[in-house]
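Two complexes are shown next, each including chain A; its partner changes from chain B in the first to chain C in the second.
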Partner chain A sequence: MAAAVCPCRALLGGRRRLLRAFTRGLAASKETHFGFQVVSEEEKGEKVYQVFENVAKKYDIMNDSMSLGMHRVWKDVLLHKMNPSPGTLLLDVAGGTGDIAFRFINYVRSVRERQLRQKLKHHQNLSWQEIADSYQEEAVKPLGDSQVVVCDINKEMLKVGRQKAQQLGYSEGLSWVVGNAEELPFGDEKFDVYTIAFGIRNVTHIDLALQEAYRVLKPGGRFLCLEFSQVNNPLLSRLYDLYSFQIIPVLGEIIAGDWKSYQYLVESIRRFPPQEEFKAMIEDAGFLKVDYQNLTSGIVAIHSGFKL
Partner chain B sequence: APGALSAGSARRSHAEPAEDGYAGERDGGGRLYPGHIPTSPLQKALLAAGSALVALADPYRHDMVAVLGETTGCLVLPNLRDKMRNDPEGSRILQERPRIRLSTLDVEGLRRLPDGTLGREYLRFLEDNKVSPDTRMPAKFVDDEELAYVIQRYREVHDLMHTLLGMPTNMLGEVVVKWFEAIQTGLPMCVLGAAFGPVRLSARKLQVLATELIPWAIRSGRSANCILNIYYEQRWEQTVASLREEIGIFPPP
Partner chain C sequence: VRCQLCPPARALQASATLRRVSDEHKKEPAASSSQHQFDSHPTDHQPEQEPRGPRPSYTGQGGQESEDYESEEQLQHRILTAALEFVPEHGWSAEAIAEGAKTLGLSAAAAGMFHNDGSELVLHFVSHCNTKLSEQLEQEQKLVQLGETEKKTTDQFLRDALEARLRMLIPYIEKWPQAISILLLPHNIPSSLSLLTSMIDDIWHYAGDRSTDFNWYTRRAVLTGIYNTTELVMIQDTSPDFEDTWRFLENRVADAVNMDSTAKQVKSTGEALVQGLMGAAVTVSTAARALRAE
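Presenting the complex of A and B:
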């Protein structure tokens, strides 16, 4: 019946495939996985690019449909964990359509407003002129020098993100840069916080992305990763698998007209290392105080580390 | 404007990833033909329901009409295939598997044919309505390789139906063709299209539809031989009128 439901067959066949690849390949480039398929490393990059090129326009509506809106909650939790203060410089990698960036701006803006209000409360005996001046200050620096750079390898996703920013009225403190997580176009020690939300599992060399994250963070900087992970509850895990493999590609076909991209998405989730293994990878890159927090029974996890 | 429920003119709505993975073993198997996506019964049911809703809501989602056809056609497609097998011309088509593509059509040759011939009128139809046979969606959810070809052939023959019936690709024309195809093939997607298509038409058009066009379409559909059994590619020089007579389609009102 549905080959998609049983990943075991694909995994067992994998060893045979790798053997074939070995005998076939002379200086054959290294192989990696693209969902449940086995592909060369160059191919993976191209195929992932195409997936996101295809889904870019419907990315947000698909996220809402697939996660029944939960992805918004997950991203909110990430921001609360980050708890950025005004003046923070954030790099959001694989930030595509800007969800994290917009939330960051909102958060920092409201923190700033609260700051200014507190200041006013402590200076009850200011003259009217001084109060009016402080409003001026708020208007001029609503974000308090905070900035977010959205970096993504995929131009289509960035395009959608920029359009969204325009529609929603975000302009200040926001930059859009094309870049590869494995080789970031930024100098060393530039950012206070590095986030990558639902992006790192698509990177061909996760270890390189982690090393780059370490490089571009200032000392004292924080690494935060929001990603799908392993469900720890066996019953939920079965339901989750059923939902992922039966429903999500169908949703992809109906809403976005693209079954294959969403099949890849659910397969890539299964390929990603579980919480502890990923934590070890982050530690290997040099981060300290690495920890993770499961959300929704482990469907999603936030990993955090510090460059100290 | 392209007609809403013309499954035959379903267009590709996106670029598919370069490698289609026909090498079935490469990705875990189950693929019977290039582009085949194996689906469980649950998935087919969901696809059928979802595509029906979306096709009705957004007439420009031709891919949804195609999906609806594939997921609901499983009972009817074998009958169509048998009809083809039992006919000499039809079984030749099943064996030779011709595909109507711009690359295989001799466009200039067709253009040189006299007016009134199938080839010339077909070309005129393509150019007037600015459509191309190359944008047909390939079958994805049919779980039999031969049946996948049958539904593919049906889609590619759809434009020729327009030519033979003399119907344009606007909403009205598409509905008429759908009625004809519903009678001819019995595909649930055609029946649904025929039943729900008129919902979007103005009152005046509905009147013309109900009084003249539908009865004619039904009569022709009933009297005509199976349209999938004609090897159109070998009949470009035949006149439309004589082909109509041969198949059994009455002249359009």
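Presenting the complex of A and C:
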């Protein structure tokens, strides 16, 4: 009754309330997105940590079932594009379960073998001693001084990665470090290549992560990012949306027992900036010759930049 | 808006002074490269360069100063030039480019800027040789104009020009077959063909060819044929200082020049023959008419 008697008063009161809430919002911490939800920045970090803590044990199985095995091809393409030579120091950020690191080690090992074979071919008159020495060298330095450091903010993911490494027999040239992509625990200009595969969309401040990447890379070093991106084909885009929102969370529930985490996953993919925008962000961090390559019609894109 | 995201001053500078130019990248979507158009001269020519405006943060990049004052293309040229000395060992490949980058103080990962198969290295080398050849021919022409040397005959000129150009391959002759195969890859053919034709065109230009008829094409086609065949002879030549190759070259050029004069002779003979036949035909027809009239 009172509200009806003086509607204009109620309206004014309402507007004042809105204004108060607005200023309070501004004074509070900045907001960001967590999938399609809006959360504060501190919350996002925690929530992402929880997501990956929950999925860590089933991470690889889920990757295979969600992408129908395509993620292996994408990661192989990334390595082929990197084309590392023996002696390269790789920093794999958000590399939790070690997929990129293991592929790197395999690649470098085979390149090194080929190099040693070529060297033998060139030297026509080798004494038996020299041949034996070269085999020794191959045994002692199979990676040729290459090293990979796997850095992840989530201890559970790293744990799973270390177990995998033990199982598959990777021991040399591999280190596991806990660290935040926005504030890496490494000195300046230490690494030849910095990769971040399917990790950067989970970072709260992507620009800070890019700046850190710039900092830790040597001059001439390369930044490579493998990430889900915007599909450019309209028909495929509809199918992809259907698959993402209807099937993936269900798979998540069946296989990993966690619907929400996989809902977050597909939502975070939609929130990530498209190829050109991300390329501009990389250029802003100071990288040159920035370029991207679409895989599978844009479902995944590899962005590359150089610190020159 | 973008500036707010970049606290370090150098990144601010980079995005403020970058000029986006469309680029000849081979990747799927065309990338736009950003060029630093600070100075067209390479840094070693001007040791005391003045930076444009205040740029305090550049000094903190430890050895990278030189790179920031040149465009990316110039840096790429420098890397490729440095990579050439590793070609005899690693071939025309990404490894040679990686070694070249390392000598410039850059990480080996910088070789990722180029194609994995070493195409850019070969094309860079060929273009460099062609430029050197043009400069040499221009110098010779100046000397002739000043009257300091005699003008050469066409065949001597062609022989010397081709020999000079082929001699530039000698340091890399062992790996040259690999380079030829790289130049013949489908995605390289446009560039390699254009380099070849412009070189041949240059040589004919300095040889004094001013033809405006079909001769222009035949001359270039013939010389291209001579160059390619001589190159193939050279890569399997084991004689001291490639004597066999130069003799082969001499014979081919002589053939070509002979063919030219033979062609002219044939033409004039043919014309004379035709005229003779016409005369005979007229005589015969007149005689026949005279006989019929009787």
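The working rule: the second predicted complex is superposed on the first by the 283 of 308 C-alpha atoms of A that agree within 3 Å, B and C clash if a C-alpha of one lies under 4 Å from a C-alpha of the other, contacts with A are read in each partner's own complex, and residues count from 1 in each chain.
As a convention for this text, a residue touches a chain if its C-beta (ideal position, glycine included) is under 8 Å from a C-beta of that chain, and two chains touch if they have at least 3 such contacts.
Since this is a predicted model, take the numbers as computed values, not measurements.
Colleague: For A:N54 in the superposed arrangement: first (chain B), second (chain C), both or neither?
Modeller: first
Colleague: With the two complexes superposed on chain A, say which partner A:E172 touches: chain B (first), chain C (second), both, or neither.
Modeller: Neither partner.
Colleague: Does chain B (first) or chain C (second) touch A:I247, or do both, or does neither?
Modeller: After superposition on chain A, A:I247 lies in contact with chain B alone.
Colleague: For A:Y292, is the partner it touches chain B (first), chain C (second), both, or none of the two (neither)?
Modeller: second
Colleague: Per the contact definition, I'd like the list of chain B residues that touch chain A in the complex.
Modeller: 13-19, 21, 25-30, 37-43, 46-47, 50-51, 54, 61, 63-64, 67, 140
Colleague: Which of the residues in chain A come into contact with chain B in the complex?
Modeller: Against chain B, chain A makes touches at 1-5, 7, 9-10, 13, 17, 36-38, 43, 46-47, 50-51, 53-54, 246-247, 249-251, 253-261, 263.
Colleague: Mind pulling up the chain A residues that touch chain C in the complex?
Modeller: 81-85, 87-88, 189, 192-193, 207, 211, 214, 217-222, 275, 279-281, 283-286, 288-294, 304, 306, 308
Colleague: Applying the document's contact rule, which stretches of chain C touch chain A when the two form their complex?
Modeller: Within the complex, chain C contacts chain A at residues 2, 5-8, 10-11, 14-15, 18, 25, 27-29, 31, 33-34, 61-64, 67, 72, 75, 94-95, 98, 101, 104-113, 116.
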